[in-house]
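Going by the order they are written in, the chains are A, B, C and D; count residues from 1 in each one.
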């Protein structure tokens, strides 16, 4: 028997808050975070400055005299041709376009994903492969034939037509995400439901949907962002009474009355991006969870 | 044995009928929009359509013009530069950031939100902001010079040789956060026991990430690759907002070439020919891959 | 139908409130002076009891045109739309998507009113009028900042050669000698201006109209290409994108001059600058008394609704009426399409243009001579030239001949 | 083969299943009588779960017919087949309470409310899950979840129960407990049960008959006792039993088995034998130590399990196991004399691998 001496390390291992590792990790993250924040900072700061100050100072300097006039102007006074009522005119149109488009596109894509993951019928994979290829086709290529299709369907210029366009072009990526997500749900659950006498729609609405909150959050974020930010479809496939906010943004940013009103441009830019930004900030945690479920298992 | 009550084999089409009915929108989209429109585009690429599609066939004339057009050649070159840079940098940076975020750090939510918020903005906004930040008279260059670094020169948007890198910077700003989140989600999905095993084996963390974790991330990498590559091929708004193809034609990209030909030059035939080339390229790359990735899978 | 036209014609001048219609009019005039000019049309049209519904979409070609073409071919057309006349709208007309204005034009005698006649001819397809020309843009001008030259200590130049000579002095004073926005069409415009002025109107016509390669290789064009290279040197160091940003630099005295169409004048007017005092304008670069007859026109898509049709005719009449012509063109900085209007309010520069229009050489605009396709190829070529100091004049010449050959 | 008087509860005729070019099931035939407990036993990839899914209608078969209670259900929907099913991962609907899980199928079938309540009450009583009817599955332990899953099959009040490796996700102790409970349940209810497992103990203890599968083909379909005593081929013989059967390669000469120059008398073997090469199979528990040995071998390793011990020996360079119901310890390296109980041995043709 050897008598063990009780010196040497004991108790919890000492932890240093400032270790080389931590400095490296947080240092890198902070530098990167700054890089990401600078544009937002510049946008906000600029939107609060008056025009003379912008011309004088540098873009990173905080405003000497804070003014909200550019925001007011962007929201309610900036002109597009003869209409000088700013972005507010397009805001409700954007809502009217985004809400139905997001709902319809997600509904259809989730049903696609469900049918693909759980009801693999003959040929389903072929259509899915075509959709995947479709994800790579630039919208510009499809612009013209789409006009013809909508004309033949009698939907050209209507809100329904625009919803259809968003549904079609959002379908590939969304279907991919939903298909992957539903494939991660245990197959036995689906089988159990079938034995319990639930049909295609019953399983979808009563078993799958209640389990799919995370992926729906992801889909909503992606679609709200995409559709809210869309300019091309909104302007090409509808009439002026439905023009979304981005059309006014384009008009404000691309129109120059002598001097570019950078502050108004920036305020308009932030205002336009506000809805998707808020959705991101509110649901960021769910977003990561949903992504984890929808993209990780292929 | 009651062989008599053999029920007839149901008509193949009606098996899982509801699933097929539910898939009709997808089938129509795949066939009418993606296949149909593509074929339509290919057919009209052999015509001399101007402002409106016309069945005025001219053989390969549009293709001959296309491949002798410097703007198109520059577009392709730019897409290659942009694509390679985007793939390499967004994956490398996104992965490094995801690894850092995976170190059980404090304020993870804050960092994640900061890295992800640009993804909520449209390309138009990104283009405008970065055009501004990279403007030599207003942005980074003038500020650095203002601090006394007189020789500082960073002016990609006015230098035709490096303009694509200016575009890449903006695109990375917008897109890397999303790649990071996708990969982070993948990292979170990796079994803890793998980490325990490598700790006991004494494998350094970075090696674990590179040789153990990366291969395990294959599925999420595939999804990310699809999303990033699709974005690369389609890049248009960003370039229009940031450089509008300039200076000169040095930052033209294929999608913009297509659009410009169709609507600016009122030469649909030429636009369709360029579209067809893009379609063919995409198909050549994607079809074998899609077949391997999505086609061969069986129920076990 | 015929009866209704006559009825409409007789009531037009009184201002007919019987057909109160909302007409959607799309255009890409969104800059300050442009919007102000459009407002004049809207005001005049609203005064007839109808209503002008404004469908402005910023960004001339790239954004607005696909929207317009899509709306028209998609079967949901606007009531009227701006379009560059010339070859651009021809296909829409041939496809039967645009309505003829012949009945109005012949009833009101547009062929007698519109001056110069060529401006109306470009609206004519198979003997019928399809568009209303609303203004004449003389595109071939050099705008100079008097302030800038004063700062540099040299006299305000009277022509291109003096301007070139003053270049080094401007540089020394920290002033950008010449600004040309980086968009392709601006580079192309500079080239056209140089060809028409330096090589002369005759060569200009042969080059763009007849696509004569021999002339391109000839001595006149030699001079023009040399001037083009000089212009590139003088623009070196400038990164301005939009034309009106460039104009702003001239207004502020940051730049010596800009080659731009007469719409630049609208910007000077908004900045409350006075021609001759604050700025100087040189049509044809001060070398030749020429104006080109490009311009804007409105087309009217075919709509199967008699009330809309009547209102469209009403709008066409308003646009070409003397009152609206004067009001519109004063704001826009362009010249009216009819010679019989009183333009006392015109400033020095516009007067110069009007004089040339009356007495000097009128050359055709490039839109009337080249297809949009060739026109844009030319623009791409020129913007490339201006941005790449390494690109030689010979390269440009060779590519230019290719474009002309393709188009002929 | 079928007695005309009693109709099989479940009959499978010429079942075939292939995915593309891959043949998963090959001509599977099976008749299961009412009240019978049949276990489908096999390694992974043997096709046992696949057959169960085909019976349930969760997989579309390529060819063949399936009858349940004399009714051809080959193309019926799962819900119309009169089956209940229990899954390995329990497959409880996570968003519903236990009661909701039990009621879900019945509600789909539009049963009256009182009927549903009484069936749930009965199932809860049988399975002793009454205390947590209102909890969500996430709040239950593994064993409780599996009881609920069984309950879900139970309330359907069907004739045929299908179990797909129901105990695989549980720990050893729980597994043994629930095994007994399933046995008890079967005795109480008297239903037909088809049970898939890879665990031979479960198979031997539960089954009236075992169908042993390999590569989509039924190797043997017989009572556990027969499978244990008279395996039809080498594979079955090797699969059942732990440690597995010892095999000795040799030849039959007259009434003895010749092996490396030594002979073992075949007296007592049940079967017709002729001279030629053969493989002798003998289970470890059918070898005894003897002073008048058939063969001798050296001790290599011993495992003691309390009630019994397994001794691993080396016999002419080959490992040979014996099991004894005692705690006798042997020094490693000693030579032991072995005697075979030939009435319980098996002989196989080395070429066809079939029992002789």
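Observations on the structure shown:
By our rule, a residue touches a chain if its C-beta (ideal position, glycine included) is under 8 Å from a C-beta of that chain, and two chains touch if they have at least 3 such contacts.
What you are looking at is a predicted structure, and each value in this text was computed from that prediction instead of being measured.
The chains in contact with subunit A and with subunit C alike are B. Touch-path distance (fewest steps) from subunit A to subunit D is 1.
Put simply, the chain farthest from subunit C by mean CA position is D. When C-beta pairs in contact are tallied for every pair of chains, the largest tally goes to A-B. The mean-CA centres of subunit B and subunit D are about 53 angstrom from one another, to the nearest whole unit.
Work out the mean CA point of subunit B and of subunit C, and you get 39 Å between them.
Per-chain Cα centroids separate subunit C from subunit D by 90 Å. Averaging Cα coordinates per chain places subunit A and subunit B 15 Å apart. In subunit C, the residues that touch at least two other chains are 66, 73. Counting only residues that touch two or more partner chains, subunit B has 15, 259, 262, 299. In subunit D, there is no position where the chain touches two or more neighbouring chains simultaneously.
Subunit C makes touch with subunit A in their complex at residues 24, 26-27, 29-32, 35, 38-39, 42, 52-59, 63, 66-67, 70-71, 73-76, 78, 242, 244-245, 247-248, 251, 267, 270-271. By the touch criterion stated above, subunit A contacts subunit C in their complex at residues 79-83, 143-144, 147-148, 150-151, 156-157, 235-237, 239-240, 247, 250-251, 254-260. Those residues of subunit B that touch subunit C in the complex are listed here as 50-52, 65, 70-71, 135-137, 157-158, 160, 240, 244, 246-250, 259-260, 262-267, 270. Across the interface of their complex, subunit A is touched by residues 12, 15-16, 18-20, 22-23, 25-27, 29-38, 40-41, 53, 96-97, 100-101, 103, 105, 109, 111-126, 128-130, 132-133, 138-139, 142-143, 146, 173, 177, 181-182, 184-186, 188-189, 218-220, 222-224, 226-227, 229-230, 233-234, 236-237, 254-256, 258-259, 262, 268, 275, 278-279, 282-283, 286-287, 290-291, 293-295, 297, 299 of subunit B. Across the interface of their complex, subunit B is touched by residues 61-62, 65-66, 69, 73, 88, 90-92, 95, 182-184, 239, 241, 371-373, 375-377, 380, 383-388, 406 of subunit C.
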